[in-house]
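In the part that follows, the structures are each spelled out as structure tokens.
There are two complexes below, and they share chain A, which is joined by chain B in the first and by chain C in the second.
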Partner chain A sequence: MSLTRLLAVAKKEVVQILRDSRSLFIVVIMPATLMLLFGYGVNLDLKHMPIYVFDRDGSQQSQDLLKRFQSSEYFKVVKVVDGYPAIARALDDGHAKMGIVIPWDFSQRLRDGGPVQVQALVDGTDDNTANVLIGYAQAVVQGYSAQIQLDWLRQHGQSLQPAPLSVETRTWYNEDLESSAFIIPGVLALVMSVIGAFLTSLTIAREWERGSMEQLISTPVSAMEIMFGKLAPYFVLGMFDTMVCALIAIYWFHVPFRGSFVTLLISSALFLVVVLSLGFFISVIAKTQFAACQIALLVTFLPAFLLSGFLFAIEQMPVALQIITRILPARYYVSLLKKIFLKGTPTAMLYGELIPLAVFAFVLALLATRSFHKRLE
Partner chain B sequence: MFGRLKQMLIKEFIQVFRDKRTRFLLFGPPIIQMLVFGYAATYEIHHVPTVVLDLDHSQESRELVSRFTSSPYFDVQRQLTDSRQIRDLIDRGEATVGLEIDAGFAQKLRSGQTAPLQVIVDATNSNTALIASSYITQIALGFAQSYQQDRIDRIAPQMVQAIPSVELEQRPWYNPELSSRWFFVPGVIGSLTLVLVITLTAFAVVREREIGTLEQIMVTPIRPFEFILGKTLPFFLIGLLDVTLIALVGSLWFQVPFRGSILVLFAGTVLFLLCMLGVGLLISTVSSTQQQAMVTAFFFIMPAITFSGFGFPISTMPQWMQYFSYCIPLRYFLIVLRGTYLKGVGMNILWPQMAAMAAMAFSLLTISILRFHKALD
Partner chain C sequence: MPDQENSVVVENLVKRFGTFVAVDRLCLEIRKGEVFGFLGPNGAGKSTTIRMLCGLLKPTSGRALVAGFDVARKPESVRQNIGYMSQKFSLYNDLKVIENLHLFAGLYSVPRDKLKERIEWALSMANLKGQENLITGTLPGGWKQRMALGCAVLHKPPVIFLDEPTSGVDPISRRQFWDLIHQMAEEGVTVFVTTHYMEEAEYCNRLALIFRGKMVALGTPSELKRDSMKGELLLIECEPLSKALEALQSAPDVSDAAVFGNALHLVVKDAAEAMPRMKQYLAGRAIAVNRIEQIRPSLEDVFVSLTTARDAAEEVKA
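So, the complex of A and B:
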């Protein structure tokens, strides 16, 4: 292997990248854009959800209960209606997420004693939103119920301690439960997959498609030199993007960074080798750029997005799928990112992720070098 | 005109279906992605690994813990003896929730004071943490309520029948089990179609330009309009076929109900496909290489999926993002998909979405055809 020839291939690739200024521009600003998109766009903490109320009783008590809904920051009473059809219509066209219906004999039955039911009709299409809404509504109604019980007991000459139990919740590693703090480290994996696999998967396929591969084969450059020469510029680009992402995460979104920066760089370099080799391997077998792009989407982007724990908790997936995630490098990288950023786990305790990632990097790099031959079919 | 168009269509279909790999790539990845999404994309939580530190060892504390043990949401794995163990297990990711009941818990309850339940939640996945906290609060409130009830029973048994209480009767519409799968599966149809049709269209035209066959076509008597129609019609049909295939997987494999009218869904799909063809063509007019087309397409696809409401609620995004989401055709198509699948609503509700997509399809196609003329000159 000759360094001069390797550098010559790398130089050719750099010239090719630089010539296409728009692609370069997009590749450079992609990390920032994806960061902003996910950092601001993904927020699962719901507030001010639009609700409709239908008060069939119209009494002092029913108004008291509704006031509690109004004053909660989680709900916004957008309309008071006088019938079920209006609620059904609002849930159908999405103007309301929930309808609260108070029965006509609400105050009557409170006076008579025993349980009274208030209905919550919830738009269940988005199960997550529905779940959170039901939880908040439950809390509002139970708060009201506890209050009237205390009042009632006091009127009957008894006294009771208001709240027997208090829940003191501490959320570790992400104290304010900011969605962005847990999303943003994962975006790094997404950016890497895009830069690494997508771009490199096109480089070899492009040479085949345009017919310039024949020219490259006729030169004395070896297969290894072509591979390393072609990948080196993308490696540099990828590491640059990692740094940009990390800086945006820390200084713009104030995501806590509790681990070691060196470890972050090492894990990113390993993951980059994985995706670059994968991209190279794809481009060798795909032959056309369209095929390369589609395969790259399937084997790198999709796992990084769906199966890495970036958005969806791996423990909640079916067991078969959980086993599959074990052979996906993205899973280990996202886990590393979360531990380095949020948990601040010492590097010595990260072997469970670093070793698999290193093994993947080695095996895939080997696979990529083996797959590429300087031969015309 | 029809003669020339027919020739163009024959050429396109041969080109698309000539290669075995491409044939597979048109239909394989969408189905694989649908399956992965259906299983992996979930916001539900079940069996969250939980550890308990009960330092009180009283009947009350055991009663509280047993409520967690019997809940399907939590999986109480271990009873600990030392509070350092909680820290350790959560640090290592073996437990997501730690419950701590201090000594004197029952004492406080009996004497009418507020007894604390300490909860520690690993918030590296803030969504799991959010939902888990909400379930914990509900369980704790339930415990408090029945404890209160028991106490009333003791001090004034004659009052138990007469004391009023209010309960929330929740009725999730459209998705009574609140299943994430029902939420995601219709959405996946939209986002997969978006990715496939945009990349197909953008690549197909740019490929001709890149390998130089566009000039050859231009010297034939074919008119630009016939060329565009010949290029897009095959992808329109492939898109339609793909929608049908993934929709069948959703209905037959994942058993997601379809409650609306097939015709309404069909109309929505046609309009959406036209929009996507317009976007693909537009990208192809501004790109000279496939790599450029790919990064440009990707630059459009990521925001389109994030802003569409596919996985994250639009209502929690910052205002400017919410306005921006109105320009995303996928936003409207998702409403049509979820409307027809889950809500079973028809044109009387969905007409604004249809109109928006029609307007967008018209303007996107007009702009891209105009630009295309220029690009050819």
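So, the complex of A and C:
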């Protein structure tokens, strides 16, 4: 291995990246864009969901209940209507996620002490949202119900017995239960996948397409020197982007960072080796830019997005998929990111992820070096 | 064992792609300091041969030594001792001239203390002094070719391989490029160059004519012109040309007839004897002969004659 030759290739690659506005865009703008997109755009928290209300009673009590809906941060009463058709229309065209209907004898039955039912019509297209909304609605109604019981007991000169059982919750790691804290660390895996696999697969396939690879391999430069020389600049860029993304996460989105920065860098370096090797391997096999970038997206970006636990919890996937995720390097990296950022898990307890990632890095790097020969066939 | 006399030795070299035989039992010996031309139509196997000699393709069978090293066994030693210019211009268009030169100087491990001198030399050779900071892609074709040559010889290789170096380049640039080739040959560099331009072939010390993977003739341009023609050559200027061609192709004693410019070239056994007969033959068909004389064959005549002979032989076999 000659350092002179390796550096000659690396230097040329750097100049080409700096001179090509598209790769420069991917390296500089894309990480920040992805961070902002996922930081602001993907919000799994349900807050201020639009609801319509149809108050058939129009009494003091029914207004009290509606005020409780109004003041809850989960709901936003966007319209008070006077009939079912309006609610149906609103659910149809998505102006409301839920309609609350208060019966005409609401206050009367409350006075009589009889059971009262409040109707909630829910848009069940998104089952998850619907379930959560139903839960919130029940909580609001139960809160009002408890208030009424309390008032009745007070009026009758009795004091309230404390409830025998209650759950005292304390949330760890993501104290405010912000979904952005859950999502943002994982964005790093997406960024790495794009920089690593997508960009490198393009740059090597381009050499085959333009014929410059033929000139390159006619010189004494070895296959290893070409590979390391071409990948080194992308490794540096990838590490740079890791830092940029981490800083955006910590200082812009206020995602807690409790772990070791060194461990974050080591994990990112391992994952970068994985995606760079994959990108290199793909471009050797595909040899055209178009095929290479398609395959690269398919084998790195998509699994990182869907199966890594980035957005969707692996524990909730069907067992078959759960097993498949074990052969996805992105899964281990995303898990590391979440533990390092949110939990601050000591490095010694991260071997369950670090070791598989290191094995992937080693095997794929070996595969990449073996796949590339200095021959035209 | 390094050959003292020969820079390139090729013995029974064969390259097959599936059932297609691209290069068929090629044998060559190229002397040190020789400008050796490899002449043939597109698809004849010229690039395949040159790629095998540069270690880019593995020969199916046979052996080739370049600068004393076996191309199949020691491709890396071969590569350190050759310069190669592929058929398609393949330097980096998005790099500056100087950046391309630095890249190849690095790839060939030109020592640091020689770097400046070698790059200066390459720039002046390619006549690109003062243009170092131009983006390579913006250079005209002739400049690019000279620059590619400059990059290929930065490490002073004893052998250089040029695959159709002047295709798509204007005649003046082509001439300049050949001056460079001869300059290098004078310094002792062996030059192996493929071309399909006949006039370029004249600039070579020796030529191999290759057709459908096989070598059909080998020699100096004058040897080829003298020995390879089956007969002598007549030039006839007459009117109408196409009618004359048709008539002559079926005339007795004429083994070949072809249009060259505004005249016909005929291959006959004995020129002196054929001249009056041809005049008579054409006059009998109401074709006016303006001029008829014996000429020395050009390489193109030789090439056409050899390949049509080969075609005819293959047709008979088939």
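By definition in this document, the second predicted complex is superposed on the first by the 344 of 377 C-alpha atoms of A that agree within 3 Å, B and C clash if a C-alpha of one lies under 4 Å from a C-alpha of the other, contacts with A are read in each partner's own complex, and residues count from 1 in each chain.
Basically, contacts are C-beta pairs under 8 Å (C-beta built on N, C-alpha and C of every residue); 3 or more make two chains touch, one makes a residue touch a chain.
All values derive from a computational prediction rather than experimental measurement.
Student: With chain A superposed, do chain B and chain C clash or fit?
Tutor: fit
Student: Touching A:R210, do we find chain B (first), chain C (second), both, or neither?
Tutor: both
Student: Should A:D20 be classified as contacting the first partner (chain B), the second (chain C), both, or neither?
Tutor: So A:D20 meets both chain B and chain C here.
Student: For chain A, which side has the bigger count of touched residues, chain B or chain C?
Tutor: Counting contacted residues of chain A, the larger count belongs to B.
Student: Examine A:F198 and indicate which partner it touches, taking first as chain B and second as chain C; both and neither are also allowed.
Tutor: first
Student: Using the touch definition from the top, say if A:Q108 reaches chain B (first), chain C (second), both or neither.
Tutor: neither
Student: Scan A:S222 for contacts with chain B and chain C and give back first, second, both or neither.
Tutor: A:S222 sits against chain C, while chain B stays out of touch.
Student: Have a look at where A:Q70 lands relative to chain B and chain C in the superposition and call it first, second, both or neither.
Tutor: Neither: A:Q70 stays clear of chain B and chain C.
Student: So, A:V9: does it touch chain B (first), chain C (second), both, or neither?
Tutor: Touch partner of A:V9: chain C, not chain B.
Student: How many Å separate the nearest C-alpha atoms of chain B and chain C in the overlaid structures?
Tutor: It comes out at 11 Å between the closest C-alpha atoms.
Student: Using the superposition described at the top, list the residues of chain A that contact chain B and also contact chain C.
Tutor: Common to the two interfaces on chain A: residues 20, 210.
Student: Going by the contact rule set out above, which residues of chain B touch chain A in the complex?
Tutor: 19, 21-22, 25, 29, 32-33, 36-37, 39-49, 64, 90-92, 96, 109, 112-131, 133-138, 140-141, 143-145, 147-148, 151-152, 155-156, 159, 161-176, 178-180, 182-183, 195, 199-200, 203-204, 207, 210-211, 289-292, 294-296, 298-299, 302-303, 306-307, 311-313, 315-318, 321, 335, 338-339, 342-343, 345, 349
Student: Within their complex, state which residues of chain A touch chain C.
Tutor: 2, 4-5, 7-9, 11-12, 15-16, 19-20, 210-212, 214-222, 374-377
Student: Can you tell me which positions in chain C touch chain A when the two form their complex?
Tutor: Within the complex, chain C contacts chain A at residues 51, 54-58, 75-76, 79-80, 82, 84-86, 88-95, 99, 102-109.
Student: Along chain A, where are the residues that touch chain B in the complex?
Tutor: 20, 22-23, 26-27, 30, 33-34, 37-38, 40-50, 65, 91-94, 109-132, 134-139, 141-142, 144-146, 148-149, 152-153, 156, 158, 160-175, 177-179, 181-182, 194, 198-199, 202, 206, 209-210, 286-291, 293-295, 297-298, 302, 306-307, 309, 311-313, 315-318, 321, 338, 342-343, 345, 349
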